[in-house]
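All remarks here apply to the structure that follows.
Letters A, B, C and D mark the chains as written, and numbering starts fresh at 1 in each.
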Amino acid sequence: MNPVNYLYLAALLFTIGATGVLIRRNAIVVFMCIELMLNACNLAFVTFSRMHGNLDGQIIAFFTMVVAAAEVVVGLAIIVSLFRTRHSASVDDASLMKL
Amino acid sequence: MENLIALLIAAPLLGAAVLLVGGRRLDRVGHWIGTLLSFVSFVIGLALFADLLGKSTEHRTMTQHLWTWISVGSFHADVTFRLDQLSMTFVLLITGVGSLIHLYSVGYMEHDERRRRFFGYLNLFLAAMLLLVLADNYLLLYVGWEGVGLASYLLIGFWQHKPSAATAAKKAFLVNRVGDMGLSIAIMLMFATFGTFAFGPVLSHAGDTSQGKLTAIGLMLLLAACGKSAQVPLQSWLGDAMEGPTPVSALIHAATMVTAGVYLIVRSGAIFNAAPDAQLAVTVVGAVTLLFGAIVGCAKDDIKKALAGSTMSQIGYMVLAAGLGPIGYVFAIMHLVTHGFFKAGLFLGAGSVMHGMNDEVDMRRYGGLRKYMPITFITFGLGYLAIIGFPFLSGFYSKDKIIEAAFAKGGTEGWILGGVALLGAAITAFYMTRVMLMTFFGEERWRNAPTPSPAEPSVEPAAETRGEHTEPHPHESPKVMTIPMIVLAVGSVACGFFFNLGDRFLHWLEPVTGHSEGHSPVSTWTVTGATLVCLVIGVGIAWAQYGRKPVPAVAPRGSLLTRAARRDLLQDDFNHVVLVRGGEHLTRSLVYVDHTLVDGVVNGTAAGFGGLSGRLRRIQNGFARSYAVSMFGGAALLVAATLLMRAV
Amino acid sequence: MSTTAVHSLWTTAADPIAKIPAPKIEYGQLSPTLIVVGAALIGVLIEAFLPRKSRYYAQVFVSVVALCAAFAAVVALAADGYGTTKAHIAAMGAIAVDGPALFLQGTILLAGLVGLFTFAERRLDPAAHGNRVDSFAAQAASVPGSDSEKAAVKAGFTTTEAFPLLLFAIAGMLVFPSANDLLTLFVALEVFSLPLYLLCALARRKRLMSQEAAVKYFLLGAFASAFTLFGIALLYGYAGSVSYARIAQVVDGTVTNVDPALANTMGNDALLLLGSALIVMGLLFKVGAVPFHMWTPDVYQGAPTPVTGFMAAATKVAAFGALLRLLYVVLPGMRWDWRPVMWAVAIITMLGGAIIAITQTDIKRLLAYSSIAHAGFILAGVIATSKDGVSSVLFYLAGYSFVTIGAFAVVTLVRDAGGEATHLSKWAGLGRRSPLVAAVFAVFLLAFAGIPLTSGFAGKFAVFKAAADGGAAPLVVVGVISSAIAAFFYIRVIVLMFFSEPRPEGPTVAVPSPLTTAAIAVGVAVTLVLGVAPQYFLDLASQAGVFVR
Amino acid sequence: MSFPLLTATAALPAVGAVATAAVPAARRTAAKWLALLVSLATLALAITVLVRFEPGGARYQLTESHAWIKNFGVRYELGVDGIAVALIALTAVLIPFIILAGWHDADPLETGSRRWRPTQGFFALILAVEAMVLISFESTDVFLFYIFFEAMLIPMYFLIGGFGDRAHAQGEEAAATQRSYAAVKFLLYNLVGGLLMLAAVIGLYVVAGNFSLQEIAQARANGSLHMATSTERWLFLGFFFAFAVKAPLWPLHTWLPNAMQESTAPVAVLITAVVDKVGTFAMLRFCLQLFPQASKWATPVILVLALISIVYGALLAVGQRDIKRLVAYASISHFGFIIMGIFAMTSQGQSGATLYMVNHGISTAAWMLVAGFLISRRGSRLIADYGGVQKVAPVLAGTFLIGGLATLSLPGLAPFVSEFLVLVGTFTRYPAIGIIATFGIVLAALYALVLYQRTMTGPVKPEVSAMPDLRARELVVVAPLIVLLIFLGVYPKPVTDIVNPAVKQTMSDVHKTDPKPSVEAAK
């Protein structure tokens, strides 16, 4: 099967993730969407790696996972603290600062 | 000898400086300093005159170069004086009459606490006037020209606390400025045409350039003359100028300054000779003013304003003569000199009368004063006879010559001008007789006239300060005032005859002004006869109206013409409506424009940015997701644009 | 896909370990970064093992020492000629050691040091229960207003973790502009972003706003980096490698030995354009260019002011460095594709930032928008695509970062009961109350406005000159127009401080410790020196103007 | 390397400013005296410059040149030609009088409002402005000039916004807001101008590669530096706009009335008599030298604008109710004359314009400062609040009248010479414009005399009945100015001799010669 299709899939996942970020209110979900985007990137990396026939892509994928993990740590910390103060994880509630 | 010329000016200038800077400590002696210095100037003038007479005719022009004033590129102006027969004549007139009037003022201004300043201004005027007539180029003349304007401004407005006086002063200066504009444009034209504006080169090369340019220059000079000499259409200031103290009216607004225009035209004769159109304009202005002034003079009840009108019309005579070209120049100047004498005399007389009448100026509140102030009566009377041209008095000679010259112009012009001049003579006789009768004859109308008439608000302040509106006690003025009057009276009787003995004056001036005998369609004697007839008619009518029947203490309504004439033939009203009102509207609207439009555009732009900012910041609505949207959109745009760039 | 390709791939994957060469790392040339990272790790250990009381001092000490040492290392490298002649690529092509890298690292380190001073300031906030406190939350984990927070405050806790976080951020920033392959770029990006997200959440006062800022910054930042990552993936797909040099070669078409198997992807321009656009977008997000700027005002306002100052200065420096390297090293071949786009971005950034700032009422937001406008000005220099352009941008960044930190440091001084009084109305008549502070702030504002004899003018002039030289005259015109607009609100603040009557209930100006004083003093000094006698630094910047390939 | 006289002249007031600012708050009087002494010392230096300068010598004399910012091609280059010397002298002469006149303007009010007006600051700012003005007259490097042309705004801005007339109709609060509005307006107008000029300066660098006025001018002259016509025009417009704002030329003038109205009289004089001159000076030095073709190309439009300024300014002056605004609009009219003279491109016009700058400086100073004394006595700027002052304060009235007469350029006073030169210079090349401009002298008479009449003459208003006459200090300020006015009116040669050679140079820069008269009568 032509690996290009995996690229299409990656693009699709990425778009889904992005859309999720734009339309979902819950911070956690938004964050998961971002993770989805990152994973879409991973898929793309791996696919390209396969197409190019070198390992760089696969290695980058690992790096990405690590980074994603770190992001989770930081992100969840922030979101949770926000949740505990406001008792809601809605992104839209956090709009004190505007204009 | 020519080094003395500068002293002529220096003396009064020094006086002005000392008196104005000196401060109160000079109040005691100030007036004497001023008088002394003006006499000094007069003596120097006499010395120079003697020297000039000593010389042969062609060497009678002396110049004194002091320093280079302005020098930029080819633009070169020197401070150089030029004394020739013409300027000599003026110097003597100015310093002579000036000195007399200084003397007179010592008495007249006795009660004014600002007398020192008054004399300072008088000296300033003398200096400026002398500079005017002694300048060797038009730019320097311009300095004197505006200098006398300043002096007259200061002196008309001398009683500044009177709004009327302040207004009159301002008006005089402004109207003069309009004239000055003409002079400066004329100078620019000269510079552009001849590359210089010194008398010598300009006048000697006048012929070398085109008609058009010369006409332009001539008309501009005429405009200047109109401003300074109160000729139509710029005459309106002279009447109001009577707000000034009477000696000022005598010196500046009768004898000397107002005649500067005539000087200018005669001085620039070469230009006018080469520009007949300009000359015609001059004669027309002269003729019109001649009648205008005369008519106004007939209607005024304020003695000074009546005399002012007469001044206007007499200067009209001179301008008319000057416009006639070589045939008229000399007579213009001659009439100027004689007029200087008798009109100054008349004003001083009027001043003396007012002095004795608590500064009342309304002739309808005079009457029968000849018993109370005999000297004034006699001197005034002599002046009167002189101005109406009573045979063998000075006016008779000078005016006759002008009328003859007018006829001698030839053609229909000649007839018209001559006719006008004759008519003028008649009217002159009328209004002067009227003044004479109302003032010195008839019943004593001042007996039952407690308050000054509201018609004449311009009551001199001395009266207010003294607070007397009770019945006046007419009395003769002190010696210091009467002596000048007597001297001037003598002058106005004799000088005409003296000048004409063997055409002295003619030969004296001819080298400067040039002279040509016109061929008059009518003989000299006819003219003289006609003049006398007119004279008699004028006097007769006046006597019929004011001599036989009593004069009403309150002015009757009078005919349309009279009412118009009382208002200077509506000329002021015209100015007010057209210029003043129009100007006010213009400035007010401009202020509005400046605020709303010019400023508004800028403020508007600022406000516009503010509004835009206010609208744009709404995008920043605080919702993270909308920020994400903008980022997403931005990214999309970025990608699209990049692809597009490649596509095209 | 042909079987040979599969086979080859398999074999490559199956190669014996021996075939993988041991990496060769030039520790000496990476020393600045390594020092900072090491110090950060020590900081973590301090948190773990030292008693609370002594942590603060230990942390400050370690951080200061580390930053100074790192800066010394940078200077040493530069003196050694790594900036010019010996410039080359270290760490197996991962890190470039060259002029721009060293210059920017130096700038970041100094900015970090000054920022550190403001972090360590403990005199401004009134002492809580006898404990001096800095501007960081007593205990970030405790809910605002909760008992646990009160307890933490009572116990005199302070979040000394801020210092290691700062160091980590700085470390990431040091790598960012010198990263020479996309992977390093991405990692560095995250390394300096994540600590900043956290730092934003640590404000002692106004914690809700602080947390909100953190959330926004985090979500949007992660969002952006996801885009970046996807862009990286695409570029990788395009070039078959993430190394700048390799990609550049492919872009220029000068690539050798193309594997026939890759013919269908290698050099596919669609990938190239998409990829580079997305990566650039990620960087533009960091520099806060319109339309990726919207996080800036909120985050600047919500974050603790020292953090804001540091962030505003250092992030810009690092991000612009990376942007420059990307555009000058990787993508010069497609200059004609990205220049027009950048033109547009620069223009809307300059105008947008300036215009929106006019109606701001909060001093921190105002400065945020002004920083956006400045990003636009710097972009104008980036677009010049010339050596002059590079050096002018470097110079601008150096000048700008110190002015920014100084300005925010002044903001920390103006306080009332509720902490910092950032609403503009409260600044009315400040010039009457404390002329000196007002004057200093006025100097910073004038520098922002680009009045001559300040660093702002020199920088702006350099950038615009480069842009005009590079044929971007219209950009210069837009630049001066937006500077004029910007001048309006800077002046508004000055008017407010000097010409309007002080409010009775107006804020007081706290007397800072030598730390903040030093930060402000450095700001003023740099502003004036770079304004009056910029020659030396211009030389420095122009020597550092060449990227190694 | 001789003694850097020009640097010293500019540096002295700068140092003085710092020193004055450093004087402790209590020693207010000391600060005043210090400032006065510094300004006098500067005057001494300026006179040395005047003496050391040889008319007809090299074009730029007393030159200094040091490297400054290599990368921008900027050098620290000073040098003066006749025009610059004249204006330096003017500045140095006026500043002591300004300081003396403003002696009490910045004293903190003992009673009532908590105005923040440290005397030290006031005088320090004045000296700072002087320093910057001087250096911008001296600099022959475009960039150097630009820097101080711009930096000058900041001290001016604080002088306008920080210090105003004491008593104010609507009370201090309103006064403060109006002041800051005026200050902001001043700053923004000039900043916008300056920023556009910045673009042009950069463009000039891109074209020419350096900023040295002499080098560029030479290169332009000998054709080695070619500018595309459109480029030259754009650059010219960039420069001219900035100078036209500063000058100010209609319709960019509206900042001036506000600024002069709100600031104290000495500061107003500083604005119009000193600072604004930099604009007209720069037109003469930079626009004409750097962009001769473009200058000629723009001449018609500029002349028309100048003409509008003349008439428009005068008419608005007539319409004003506020004494200071009136003076401001009068100045606008005068600046119209100056600009007209510059762009008439005749030696009379340009010499006249330069002379005009000097004379207008002195006459406005005299007029405005006396007006300031008047206002400080009554505490109102409205003309309607005065009347009959000459009765109670004759000397004040007299000096005020002389100031007014100078403004309406009465012959015998200095402004007449320059105004007439400008008119003649314009007339010989553009007769129509020259004639229309002549109407300006009538309008000038109108506003000057109307102001005098309304304030000084007529019955004495009760509010002014107790008004004291000029004090010794004030007399010391006014008298020398009046003497100068008369002297330069009677004997302007000292100035013209210095200016003429420089103007000849400028004329040759723009390849123009005076139009020849049709009849050679001068011989």
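Assume a contact is a pair of C-beta atoms (placed from the backbone, for glycine too) under 8 Å apart; a residue touches a chain by one contact, two chains touch by 3 or more.
None of the values given here were measured: they were computed from a predicted structure.
Colleague: Of the pairs A-C and C-D, which shows more C-beta pairs in contact?
Modeller: Counting C-beta pairs in contact for A-C and C-D gives the edge to A-C.
Colleague: Taking each chain's centre as the mean of its C-alpha atoms, which one ends up farthest from the centre of chain A?
Modeller: Chain B.
Colleague: Taking each chain's centre as its mean C-alpha position, how far apart are chain A and chain C in Å?
Modeller: 24
Colleague: How big is the gap, in whole Å, between where the Cα atoms of chain A centre and where those of chain D centre?
Modeller: It comes to 66 Å between the two C-alpha centres.
Colleague: Quick one: chain C and chain D, Cα centre-to-centre, how many Å?
Modeller: Chain centroid spacing, chain C to chain D, equals 46 Å.
Colleague: So, what's the distance in Å between the C-alpha centres of chain D and chain B?
Modeller: 37
Colleague: Which residues of chain D are in contact with two or more other chains?
Modeller: 188
Colleague: Among the residues of chain B, which ones contact at least 2 other chains?
Modeller: Residues 606, 617, 620, 622, 624, 628.
Colleague: Using the touch rule from the top of the page, what residues of chain C touch 2 or more other chains?
Modeller: 215-216, 219, 223, 227, 297-298, 488 - these are the residues of chain C that touch more than one other chain.
Colleague: Pairs of chains that touch, anyone?
Modeller: All touching pairs, sorted by chain label, are A-B, A-C, B-C, B-D, C-D.
Colleague: For chain B, which residues are in contact with chain A within the complex?
Modeller: So the residues of chain B in touch with chain A come to 617-618, 620-625, 628-629, 632.
Colleague: Could you pull out which chain C residues touch chain B in their complex?
Modeller: 215-216, 219-220, 223-224, 227, 269-270, 273-274, 276-278, 280-281, 285, 290-292, 294-295, 297-298, 336-338, 340-341, 344-345, 352, 355-360, 485, 488
Colleague: List the residues on chain A that touch chain C in their complex, please.
Modeller: Those residues of chain A that touch chain C are 2-3, 7, 10, 14, 17-18, 21, 27, 30-31, 34, 37-38, 40-41, 44-45, 47-48, 50-57, 60, 63-64, 67, 70-71, 74-75, 77-79, 81-82, 84-86, 91, 94-98.
Colleague: Applying the document's contact rule, which stretches of chain C touch chain A when the two form their complex?
Modeller: 1, 5, 8-9, 12-13, 140-141, 143-144, 183, 186-187, 190, 194, 197-198, 201, 207-209, 211-216, 218-219, 222-223, 226-227, 229-230, 232-234, 236-237, 240-242, 259, 261-262, 264-266, 297-298, 301-302
Colleague: Where on chain D is chain C touching in the complex?
Modeller: Going by the criterion above, the answer is residues 67-72, 114, 116, 146-148, 150-151, 153-154, 158, 161-162, 173, 176-177, 179-180, 183-184, 187-188, 191-192, 195-196, 198-199, 202-203, 205-206.
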